[in-house]
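Shared between the two complexes below is subunit A, which pairs with subunit B and subunit C, respectively.
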Partner chain A sequence: MAVSVQKIPTIPFAAVCVSGIALCFFPLFRVVPLQTKGAVATAAVTGSGDAAPAAFDPAAFTEKFWRERLTPAAARATDSTALVPALRRDPAAAAKQFARVAGVGGSGYYFFRGTGRVTAVERNRVLLDLDGVTVALGTGPLFGNTVRDGTGLLNVNDFPGLAEFNALSAELNRLVEAQVFPVLRERARVGATLAFAGCAEAPESIESGPLLVVVPVEISAAP
Partner chain B sequence: MITLRLIRLLVGAALAALVALPVHAAAPAAGQRVAVVISTLNNPWFVVLANTARDRAKELGYDATIFDSQNDPAKESQHFDNLIASGYAAVLFNCTDARGSIANVRRAKAAGVPVFCMDREIEANDAATSQILSDNYSGCVALGRYFVEQVGETGKYIELLGLVADTNTWNRSKGFHSVVDRFPGLKLVAQQSAEFDRAKALEVLESLLQRNPDIDAVFCGNDAMAMGAYQALLAAGKAAKVKVFGFDGADDVVKSVAEGKITATVMQFPKTMARSAAENADKYLKGERKFPQRTPVAVELVTKANVKKFGDYGRK
Partner chain C sequence: MTRPASREFLARFQSLLALVVMAVVLSLLSDKFLTTDNGWNILRQISVNLCLSVGLTLVIVSGGIDLSVGATLGLAGAVAAGLFKSGLPLPVLGVRLDFTLTGAIVAAIVVGLALGAVNGLAVTALRLPPFIATLGMLSIGRGLTMLWTGGFPITDLGPRFGYLGTGAPLGVPMPVWIVATLAGWFALVARHSVFGRHVYAVGSNELTARLAGLAVARIRFSVYALAGALAGVAGLLVTARLDSAQPTAGLGYELDAIAAVVIGGTSLSGGRGTIGGTVLGCLIIGVLNNGLFLLNVSPFWQQVIKGAVILLAVAIDKLNASSRDTT
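Our next item is the complex of A and B:
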């Protein structure tokens, strides 16, 4: 009797352990959360683990992005004193060192900051003397993806699809037009010194005219 | 004891299966078949996309076959049924419907057949292995800016949309309107789909011109429609006055831009997209598993000023 008492519980215990291991490899069922595509993507872009089934809201995303990511990143953007001499020496090498490229064969963009003296105020732009070269700060209207793609902070694969990613451009451009251009227009007086951070398409070669055409995301009083 | 042996066998089989996976993934490509499923071959641009995908797959050592969906989702679905049943190893895919085609891609994925989208997006992030897509929005931002330069800040225009179920249609339209709508003097007097089709565009524009004889421009969501629109304008005696804008970079339209018949188009790079999709499929079949879901491919504005740089569906 004593022998049978010892043997009977040992086999089921081993069987339960090994079955447990086997079930790790071959689960009988899986629990799959009921999520919409939009909710998954929303969770991904917000970094939230809570995948609430809400549609992606480009305006809300962009406001938060501007406040929490773009503004801090602008403070750390490439300094013009490093970028401008490199660009004048060799545009291709400068692009390799400082530019961000989105996708295949796309434009390179610089995200940089600098301080310059206003030399002219035109209809759609302000010209600055920056470290001995002329750059243009746009004053609108603003089109395209320069801000979305220029900072290097946004990746198409973190969003539900191309339509949503494109909607970010429209929202970012709207914020630049509403928040940055008015400050730039107000402070742009010939002879004034302006500090800025912004994005610009990387030129393939040095042409006549401004070295860079900048979409400013921040304008401040010169230090 | 029998139970213990059975469990050991199960665990052993599980471990063997796990060990066997990488061996299978690293198998050579020789003898494997790749399907190229294309929305339509009734448009030279898609013929270039299909042929380039097939040829690149062949260069990489696969047997490759083109399936024409003829812009019919039902035909596309049949193609997927057939290619899954026939044991194709991968699909290079240009869809007919951004949402409707998702089920086909999921069915292939469930059957272990990876799908690599080219040019046209499916609206799912977890079905295709990768999607190589033109940056249509950026292209139409550039086209919209040129449109305003050429037409001016006042005028009337018609827009011919592509297939309404294709996201390219809307990404192009939205990129264009993100610019042109900022100029209130530019009036959109009619907007209608001509389904990316040349004959349909001819027919639609002929009809729209009856009600809108005094337009200044036509914005077309692709080059086939631009050629159809140009024919309609020519027949109405308005080709010299009305500016036509297309999108694709098709050879006949690039030539028409050089001749001043079409004002501008946007060069997509179908060969780049097709080759990239085929190369991704090859990498997948050789064991690679990490692919970005979407890869945008840059496009370029083609005008009379720079048209000499372009031809044969790309840069010369």
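Our next item is the complex of A and C:
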């Protein structure tokens, strides 16, 4: 079969050759096994330096995070005796002092603990009298990223990707629903005193109704 | 100089004269304006706008408009940052593609090119009005950026990536090198290449261009694709400069780019305009922003003044066009 050399488009052919040679020296990407990513990310997030053997597992990570980081952090969370008076005085100033802002949504979150008396038990929440103001403790169902973003302990840039980061939110919500809500529902009796730690979205102004709607991460009997 | 000749001189060099007048006035009002550092500062600040405006000039000269360049910038920057930082997992194959700096650069350009190509297809194949097609792409681009980033900035890209935005080989900021090269290249293409002349022909009179045998659809498609690719480069520069890809990057940038193109003398009705004029338009906006900032003018007033300058530029353009039509 006769092939006409003249018909080969010289410039595109040369461009392809040059590009191919350039890519040998400046490759666009390297192919690496997937499991090393999870190991690196998990080590980075936990700060432990121990690499996980397999790809990132949000359920396993979340349970470890809950046990090793969230529970100790809850013990050190902002006390309601500092937060509530500041919020009543000036929500904007309180947000500046106590809130954490995550992402570009502009939502600030409080991670705080307090002790209050149960004033009402409703279908999806428990109302608490906390230092003279009413706050609501949610009892589910739970959606959103309040726990993930409210604690300030998790940084999106420490994770392999957004899918993994979003999966954490779902896992954290699942743990709250499985471990915290049942305890809250069991102990929520009008007149009872509850101690809690949790996350709440920072209000921009004081409206009627509960001052804060809290997603609890810890419920205990009042001392 | 006769009266028509002087009018033509003014019309031709109005942007340059405006820039010189502004520079003189600002140097009298602020001793910080006419300094070397501030000069580099202005050039660095306008480089992103110029990168967008060069592509937009070709689009507007061809008789179109592109409202999506800011959104394209945001998505291209975010994709480049995401791929560079986290790679692309392919769970089916059990591997991840770890993107190099070259890969991130190519990815940003490819994303821009792809969005521009979709704009081009919408305008040529679907025959949508460019305003509507690119308005739709603006929204799609913003949404895709939010989906890709989850609403969070992608930060800590490292010094190698940052060099694209903050490096200064031979004392000249890297963005200035990159954008000056691109602007020079596209100025040559617009003025001296067959493609460039075809773009002007299509913008001057599409029907005549079609009857003359030009592939109008292909030319219009190409200018949108090129504008997208340049928005991809701009996205890379913004991301490198900030060392992070912000989900809202590029918000409103299309307006500054259109303003620069119009102030630079490009006619919104197509067929007329130069890359050189657009460079002057960007410089005018940059000098205006810089000067108003140095004079401590409120940001709200800055917006009002910028808007007034754009209106003035369009009004002068219309006056010139009508005087050309009557002569």
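Some observations on this one:
Heads up, the rule we're going with is that the second predicted complex is superposed on the first by the 172 of 223 C-alpha atoms of A that agree within 3 Å, B and C clash if a C-alpha of one lies under 4 Å from a C-alpha of the other, contacts with A are read in each partner's own complex, and residues count from 1 in each chain.
Here, a contact is a pair of C-beta atoms (placed from the backbone, for glycine too) under 8 Å apart; a residue touches a chain by one contact, two chains touch by 3 or more.
Because the structure is a prediction, the values reported are computed rather than measured.
Judged by the touch definition given at the top, the superposed model places A:F143 against subunit B, while subunit C stays out of reach. Touch criterion not met for A:A178: it reaches neither subunit B nor subunit C. Taking subunit B and subunit C in turn and counting the residues of subunit A each one touches, the greater count comes from B.
Contact with both subunit B and subunit C is seen for A:A102 once the two complexes are overlaid on the shared chain.
In the superposed pair of complexes, A:A75 makes contact with neither subunit B nor subunit C. Comparing which residues of subunit A touch subunit B with which touch subunit C, the overlap comprises 26, 37, 102-105, 156-157, 160-162, 166.
Chain contact summary for the complex, subunit C toward subunit A: residues 82-83, 85-91, 94-100, 102-103, 106-107, 148-156, 246-248.
Within the complex formed with subunit C, the subunit A residues making contact are 26-37, 55, 102-105, 156-157, 160-162, 165-166. Remark: subunit A residues 11, 14-15, 18-19, 21-22, 25-26, 37, 40-41, 102-107, 141, 143-145, 156-157, 160-163, 166, 169-170, 173 touch subunit B in the complex. Considering their complex, residues 1, 3-4, 7-8, 10-11, 14-15, 18, 121, 123-125, 132-133, 135-138, 141-142, 144-145, 167, 170-171, 174-175, 178-179, 182, 269, 272, 276, 292-298 of subunit B touch subunit A.
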